[in-house]
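A single structure is presented below for examination.
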Amino acid sequence: MAKKSIRAAVNDALKLEMRRDPTVILIGEDVAGGAGGSGVQDAWGGVLGVTKGLYKEFGPGRVIDTPITESAIIGVAAGAAVSGLRPVAELMFVDFMGVCFDQIFNQAAKFRYMFGGKARTPMVIRSMMGAGFRAAAQHSQSLHALFTHIPGLKVVMPSNAYDAKGLLIQAIRDDDPVIFLEHKAIYDLEDEVPDEAYTIPFGEANILREGDDVTIVAISRMVHVAMDAAKRLAAAGIQATVIDPRTTSPLDEDSILESVEETGHLVVVDEANPRCSFATDVAALVADRAFGALKGPIKLVTAPHSPVPFAPNLEDAYIPNAAKVEAAVRATLAARELATA
Amino acid sequence: MIVPITMPRWGLTMTEGTVVEWHVQPGASVGAGQMLLDIETTKITNTLEAAEAGVLRRHVAEVGQTLPCGALIAVMAPPETPDAEIDAYVGSFVITEVADAGGAAEVEPKTAAVGDLTLNYLRAGAGAAVVFIHGFGGDLSGWALVQTPLASAFDTIALDLPGHGKSSKRVPHADVAGLAGELAAFLDAIGVQRAHLVGHSLGGAVALAFALAHPQRAASLSLLAPAGLGREINAGYIRNFIRAERRKDVEANLRQLFCNPDLVNRALAEDVIRYKRLDGVRQSLEALEGAFLSGEQQATVLRERLAEVQAPVLVIWGREDRIVPPAQGQGLPANVQVEWLERSGHMPQVEAADKVVALLKRHFAKAA
Amino acid sequence: MAKKSIRAAVNDALKLEMRRDPTVILIGEDVAGGAGGSGVQDAWGGVLGVTKGLYKEFGPGRVIDTPITESAIIGVAAGAAVSGLRPVAELMFVDFMGVCFDQIFNQAAKFRYMFGGKARTPMVIRSMMGAGFRAAAQHSQSLHALFTHIPGLKVVMPSNAYDAKGLLIQAIRDDDPVIFLEHKAIYDLEDEVPDEAYTIPFGEANILREGDDVTIVAISRMVHVAMDAAKRLAAAGIQATVIDPRTTSPLDEDSILESVEETGHLVVVDEANPRCSFATDVAALVADRAFGALKGPIKLVTAPHSPVPFAPNLEDAYIPNAAKVEAAVRATLAARELATA
Amino acid sequence: MIVPITMPRWGLTMTEGTVVEWHVQPGASVGAGQMLLDIETTKITNTLEAAEAGVLRRHVAEVGQTLPCGALIAVMAPPETPDAEIDAYVGSFVITEVADAGGAAEVEPKTAAVGDLTLNYLRAGAGAAVVFIHGFGGDLSGWALVQTPLASAFDTIALDLPGHGKSSKRVPHADVAGLAGELAAFLDAIGVQRAHLVGHSLGGAVALAFALAHPQRAASLSLLAPAGLGREINAGYIRNFIRAERRKDVEANLRQLFCNPDLVNRALAEDVIRYKRLDGVRQSLEALEGAFLSGEQQATVLRERLAEVQAPVLVIWGREDRIVPPAQGQGLPANVQVEWLERSGHMPQVEAADKVVALLKRHFAKAA
């Protein structure tokens, strides 16, 4: 078993599934790149080289490079999916989903329901998300809340290479539209990744560490921020449980609720804007169904309600960091100390 | 009493580890199973948990330090133990577990083509051949604590059965006889004619079937908590092993394996879960389940044929085994030597590795 | 002062502002209808006749009827807004925003921020929302959570005719993009509405009734459901405060927090799907900042996580009703009774 | 003691109301200000609040019933009062407030063009003319409880000053003299030459300025808690009235108007808020503020000229007035009759409407 980056793990998953199942095809801008050819056919292989090499192995019939037309990409993918293929569409930056959101939420997400269960739409939309890349307000967003809000979509946000591979294979085999969001700032993070194909079921959280004092729920890149905070806190004798739900829809509610039942405190870390967000979603879940166990306020650590700044120093201040998570944990724990004092 | 915390050996190929992070500070009370520190090896970063409750008095290894397996990394002692006593203990500590294991540091697993299957195995040391056959859902790494010391005197070979570990995730012949046939083909493929066979649980039944089918190839037979000696078995463990998906359920199931359930840490459970997610594993395990179980009982019982085995037979059984009833180790034919282990469950090769090593050495010597 | 329907109040607001300010223009499909002419120019005046008569008074230069091209409507509106006009765009059904969401959230919402405060984007996007009209999954959605999530947008959801007029005039005069969502099932609700122009500030909740036992927060059509529930509860001696935030962004956090500080119980009623929703947003707010006052779990009454059904009986079951709100109130109050018992 | 709850009269044009919903059930204790029931009139649905604390014993009017103003709709009484006594009370109840008010049932407000302003007014009854001039931020509806009974014997006229009520929301001449000029133009426009002038607060100063400017047109002068008789005033009330936006702040500010702050209900506050939201109101109120206040004091004081007034002058002042200090009613010239009202604040026409009506009738009679 070798260490692989998230980028390599995603590539690996695509390659293995394309080998295993001839109905799996790729559609996207620049996905044919990195084939070692010359000229326009040898661009990167996706903006950050994730699909590099696939065109060479699977050819133009299965790796479909498109013009800049996200609405066509998603429309084609949705049509291919209901016609028996398993398309994996790449939507370069999730910020661009605004031009093809109709195809996603009004068409693909609703086919199964509107056709009385008789239509299957096995498509995956891969896209890059997140800030930290100095890419300004229109190329840095974290829009998972929008997809999570819409019934009929599954939303996957891997935080590490092992999960990325297993979740993407699961996504490709899933019969519903899956939004697969790769955080552009952690593509190089490495992990032990089996060479074989494997699947990680949706709706099953990864519990990275267990502690009795507070439950920290975090997704995507924020998992690492949460772990950093947990380490700082451990040095001060505060033991945190860190939960990575891996998929925001479906959500592993039980793992979160069971943990808060034990710790009595919840902090949610989410890189997205705060309003109607995944952070509020988890908070509301717990404020209803684990209310009796809560010993302090539920604290959310999110971006502010503003676009992602372009200025590097502002962008750094915008993204949640370990110090903010640590402060949030201490704030909710303070409520308990006050109550005991 | 002063309790040393030493650098663990997590498998045959581990010789040293690096302290990544301390989870517990000196002076803190720790419970059994609590995370003490993270240790990075060449392969993986893992967490060492406290084997028993107590007070952590001293960090001997600081973050970033790399130490050989067996080296002292921390000291636990009651609060009343004077610091001077701990100083003295640290100053006089000597590594008792020798890190060398027949050049094991360089050992990497290999694969052998067996029919259309690829079987993974780890081979270390030189001498008479010893073959380790794991049980249902296990793999060769389960033998690490036994294979490592034996590799200094034997040609040790631990394989991953079909559907397990890093072998092909298909089990074309899922019954005990079929698996024994795969074992024979595997030994042919790696050029081993005759070996001491060490089988655990289902692997014990396979070893026994092999010895019955190929009497001339078995130098000796060692069966740890073996299947195949009676009908009764904890079928629920097998079914849960296949079907439990959440880590807490997997952990609860795995705890049945041990007398000391604290040995089931998150890393072990995570390894099992990751294994089960691999393509083909579910089908492999279900095939094995289908062939191995008949209702809630074992389908294959070779107890009556035990007396036919010509090689010396050793049976090792933990008295606290909750998977295969230790009672099945009673009343065996006279050619079978039975050893009972106190405070050990279904995994004596882990829970009582030192004793198992000693018993195996004596047994191999007798057979020689 | 006469009673006016919400439909008439919206028409009134448009008319008064167009008379007052020549830079106010309308853009949308069929908005020119209802002029009393013949043929294609005399369609309804919007699907439900809201803009009826405006074409006749203000002419084709200010009431711009467009083809079916939502992306052009919103693109034109955004461009007009940064060029000095005050466009009011009509997006027939909010379900259609999927084809023009880029113009809304990636362009209009971000102009002010990305141009360092030097650009103003005074545009209003009016749209119909909500279920109950037997219009199936693609014409019945409540998508306010998506807009509320996006910084740079203001989101207005009037529940009555008085508010509709005052909020729409405020929206037209606002210098930022405003999403103005009219619930199609309550257009005929009447109220006392002054004939004069007036404005209702954004971020100021309407407290419809005050009671000590529970706080019910509801928006748009759900305000009426909440009031029905409050009346049922009052008959049983349970006094509810009912709060209509009127705008989900900005949100009048103080009114909600102050009420929960007094009642100790919160129920949120939202017709939208439950995940990452306005309901969870309010719950998270309270679970953080009024935690100390909470005496029972926060209960959310929402649509299920499924598309809007077409079958009338299923659609009726889908929409939150007074019985469900009443049950939610009793559920959170039961926690207190348990604690006291 | 048995306390009747009767159908309220919410303005001159209201003759009856329909019970929409009871908020309090028989047997329940209610606090002062608690919502009792919702009543629908031809104009609006409103909530009747309890004027004082007690126990609600009986619903006399059921939901859906329409009853004339003054009719019994519920009974409050201590728990120990026997049911029989309540039965007798209900059976013998007689409406004491007569719903007829000079054909007021048909009265609707009218408008008059005054320069380029449109002024709204409500005129009812026949006889000598009586003109009511409200104060800062008020409107003609504030006179309802006084105008209604007087309309049976007088030609009563209540107007909305510029910037107020339903009049044009512009105040071209915002000082006292300017407003008095608008009043004269208004009376010209509706053909009233001479009238009994009743002014409240700022409206009192306007009435006084009018009488000084047009001695022959003032049959009498009645000043309720008038401005213009001293420098001191609660300037904070005026500033808060303009700038408070949240209902709780508006309510808190309005409570200063009354001796019994419970008279400020949500409907009153909501009316004020809705008024303030109208286009032009903010600018109108700020124009009035600018002309009326000089720093924290009144800009216009006419006290020294009070003796010049030839018509009989009545000043009515609540002892608990927290807006204009009642002390300014002391030491007035001999031609001024001053009446003090106990337990009344700045709004005697609301808090002590019956007494004000009686005082006005006697005063008008004296002037005739």
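A few notes on this one:
Per-chain residue numbering starts at 1, and chain names A, B, C and D are given in the order in which the chains are listed.
Keep this in mind: contacts are C-beta pairs under 8 Å (C-beta built on N, C-alpha and C of every residue); 3 or more make two chains touch, one makes a residue touch a chain.
Predicted model, so just to flag it, every value in this text is computed and none were measured.
Once chain A is excluded from the assembly, the chains that remain, linked only through touching, form the groups B | C, D.
Annotation of chain C and chain D: not jointly contacted by any chain, touch as defined at the top. Mean C-alpha position of chain B lies 93 Å from that of chain D. Between chain A and chain D, the centres computed from C-alpha atoms are 64 Å apart. Computed from the mean C-alpha positions, the centre of chain A lies at a distance of 30 Å from the centre of chain C. Contact of a single residue of chain C with at least two other chains is seen at no position. Touching two or more other chains at once is no residue of chain B. The touch graph of the protein chains shown is a line. Those residues of chain B that touch chain A in the complex are listed here as 21, 23, 25, 28, 35, 43-44, 169, 245-248, 266, 274, 277-279.
Note for the complex: chain C touches chain D at residues 1, 162, 166, 192, 194, 196-201, 204, 207, 209-210, 231, 234-235, 237, 254-255. By the touch criterion stated above, chain C contacts chain A in their complex at residues 71, 95-99, 101-106, 109-110, 113-114, 136-138, 145-146, 148-152, 248-249, 251, 272-273, 275-281, 283-289, 291-292, 294, 296-300, 304-307, 310, 335.
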